[in-house]
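Chain naming follows the written order as A, B, C, D, E and F, and within any one chain the residues start at number 1.
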Amino acid sequence: MTPEHLPHADRYRQGLECLQRVDGPQGVAVVQDLAESFPDFARYLVEFPFGDIYARRSLGLREREIATVAALTALGNAAPQLRVHIHAALHVGCSPAQIVETVMQMAVYAGFPAALNGLAVVREVFLAHGIALPLP
Amino acid sequence: MTPEHLPHADRYRQGLECLQRVDGPQGVAVVQDLAESFPDFARYLVEFPFGDIYARRSLGLREREIATVAALTALGNAAPQLRVHIHAALHVGCSPAQIVETVMQMAVYAGFPAALNGLAVVREVFLAHGIALPLP
Amino acid sequence: MTPEHLPHADRYRQGLECLQRVDGPQGVAVVQDLAESFPDFARYLVEFPFGDIYARRSLGLREREIATVAALTALGNAAPQLRVHIHAALHVGCSPAQIVETVMQMAVYAGFPAALNGLAVVREVFLAHGIALPLP
Amino acid sequence: MTPEHLPHADRYRQGLECLQRVDGPQGVAVVQDLAESFPDFARYLVEFPFGDIYARRSLGLREREIATVAALTALGNAAPQLRVHIHAALHVGCSPAQIVETVMQMAVYAGFPAALNGLAVVREVFLAHGIALPLP
Amino acid sequence: MTPEHLPHADRYRQGLECLQRVDGPQGVAVVQDLAESFPDFARYLVEFPFGDIYARRSLGLREREIATVAALTALGNAAPQLRVHIHAALHVGCSPAQIVETVMQMAVYAGFPAALNGLAVVREVFLAHGIALPLP
Amino acid sequence: MTPEHLPHADRYRQGLECLQRVDGPQGVAVVQDLAESFPDFARYLVEFPFGDIYARRSLGLREREIATVAALTALGNAAPQLRVHIHAALHVGCSPAQIVETVMQMAVYAGFPAALNGLAVVREVFLAHGIALPLP
């Protein structure tokens, strides 16, 4: 039975497991904090993005995080979520260089300001992870 | 000598080779058509995105195309370029399923309309490539 | 039992009912067409936006459609979805004048081009519904 | 005589009255602060959005604020204005639940990051108004 | 008496004169077409953008059109309005080269797709004006 | 020999000279800070935007800065870059009034929130330059 066909009742549990695999304890903490003010939305956040989408098997978690880091950098209005997903990209095994390359590439598709603001978030997250810049 | 340190004089040649690797003859045709009206911009398009960015080695071409398909779907105002890059994603070896997953995932980050409009472009490009939908 | 607490297994059925209430047979046709190419995404479209969000009771369907018409006009990159939701707004009982006002108001928040392009979609949908412009 | 046909000379006065009805003394304070640095723009802000648009009678103020909260959440680059309009929505009589529903609904049209950032502004404004979260 | 202080009753007349100066008979035709369906919005379009903003004297019309072409190219979701303003830029005396440079520059700030789509509109408008590409 | 045809090896040097002409020592400082973490991207930032685009002669630097201030205000997600370019606009000889007019005009094309947030950056930069507001 593929994850696409799990019974609906398992979506929340599956989403939470997937969220932990993607983002570690930090992801769960974000959801718990959200749930204190907006419990229904916290549930949707677990169920749809993680229980439905990230749990699907045709794309690896590393590729999913590259896609998300690219999109959030390009959109340019989601710095808190970009922070979470640069952390998540590291957590699922993307190399620091892959993350920097993805953000730099957005200069082509969304302009230099979007890429520069994305790199500022990269710098902040890498600092918190003890990843020295510039990369070797 | 990494591609990052090639002498500048080789950027155009390197960019053109990279463009062909990424997108095949179709990419070169797009640039030639552009060059008839805007030759300087056609040159920049070869030199910066392809000669500088795509030629870098720390991220694979499949990952670069996933990032680009994600960003163009999320931005939602670049259908012609999304068409080119769904073609390019297939050309560098992304599976049809990986492309569909990447576009679907954008519903989470940029909303359902962006994902739906991205899937409409996927359908059009897959039709031209003889890729049957739904995927098995 | 509020719709927020229906068992998960009912989400699809509830979403489909809600989609019909919001958009009539046209909404179901859109989903069926989508399902021919992207069946999983068609299911998500029924389950999350309609089964989870529109089915909630704290905001009326007329207010939901006003919010959606406003957002799609402001984003400016989702003409096909704006078309569907102007139809839906009429279907749930918004008056033609309320729809025109909502779109016009977006000139303040997203600029005149967004509002003008939104009004072009209004004109097209109203023509199909036999609603004469200018409104009396 | 409908507000649409008031003599032009009354636009500023009408806009200021409308701004007060929409946003109370806080709205007037925002305009006065703006006028100290950019007096012409402060005048336009009173005259066009409030004197022309909000003063129109075919859409209620509650519906106008729902449309504005939806659009500003979806655009995602206007947090200060979203703050003002969540306050305004409460001031014209939208219930806290209607505001939360409107912002949550934007996850469908503009993605989860836009909705999450909108909910963060909701939390901040509700705190200032003594509205406890989660809502009952 | 500066245009900033003309009596309000003259805004519509002043806006129409300004629209003609900016865009010639084509601009007036656009407004007349709009007025057949949305007469109030057509009036606002004359009064605020043209009667209030373009009529101000501290920025020349050529600079205003460069600003508008830049913004519409960067936003990337307003092709019909970009078409009108490339025409207007030519009408107020911007050289074809200045227009092409402005659009190309947007590759830096909004990415290559935005610039490419802007250049496609430039090509279309220049063709209608008999301006040969590439520029000498 | 036009700047368009300088040998590639001169792009970095030419870009740096152009950056200094556009933005003075502050621009060079921004690049040096960036280069400490992301040296390749700092080089691209000098080479493409400044070495390729700003160095072109068919558009004056004042017009280039008006275009950039317009675009960054309209996009609304690039406050740090808008700050740099309002400084640059003053540095290349745009009058304070031309800058304020450009930002105000964006209310028409991108809405009042974008213009208001742009004016907040103007106020901040003008304060640092000792330019009193309101302008006379």
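Going forward, contacts are C-beta pairs under 8 Å (C-beta built on N, C-alpha and C of every residue); 3 or more make two chains touch, one makes a residue touch a chain.
Chain identities (UniProt): A, B, C, D, E, F = Carboxymuconolactone decarboxylase family protein.
Keep in mind it's a predicted model, so treat the numbers as computed, not measured.
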item	value
Chains touching both chain C and chain F	A, B, D, E
Selected pair, out of C-F, A-B or D-F, that shares over half of its residue contact pairs with C-E	D-F
Pair joined by more contacting C-beta pairs (A-F or D-E)	A-F
Gap in Å, rounded to a whole number, between the CA centres of chain C and chain A	29
Rounded Å distance between chain A and chain D, as computed from the means of their C-alpha atoms	32
Centre-of-Cα separation between chain D and chain C, whole angstrom	22
Junction residues of chain C, two or more chains touched	40, 44, 48-49, 53, 56, 72, 74-78, 81, 100, 104, 106-114
Pairwise touch network: line, ring, star, complete, or other	complete
Residue ranges of chain F in contact with chain B within the complex	4, 7-9, 11-12, 40, 44, 47-48, 52-53, 56
For the chain D and chain A complex, residues of the former touching the latter	75-77, 100, 104, 107, 111-117, 119-120, 123, 133-134
Footprint of chain E on chain A - complex, ascending	74, 106-114
Complex contacts: residues of chain B adjacent to chain E	34, 36-41, 44-45, 49, 72, 75-78, 80-81
Complex contacts: residues of chain B adjacent to chain A	48-49, 53-54, 56, 58-59, 63-64, 66-75, 78, 81, 95, 97-98, 100-102, 104-110
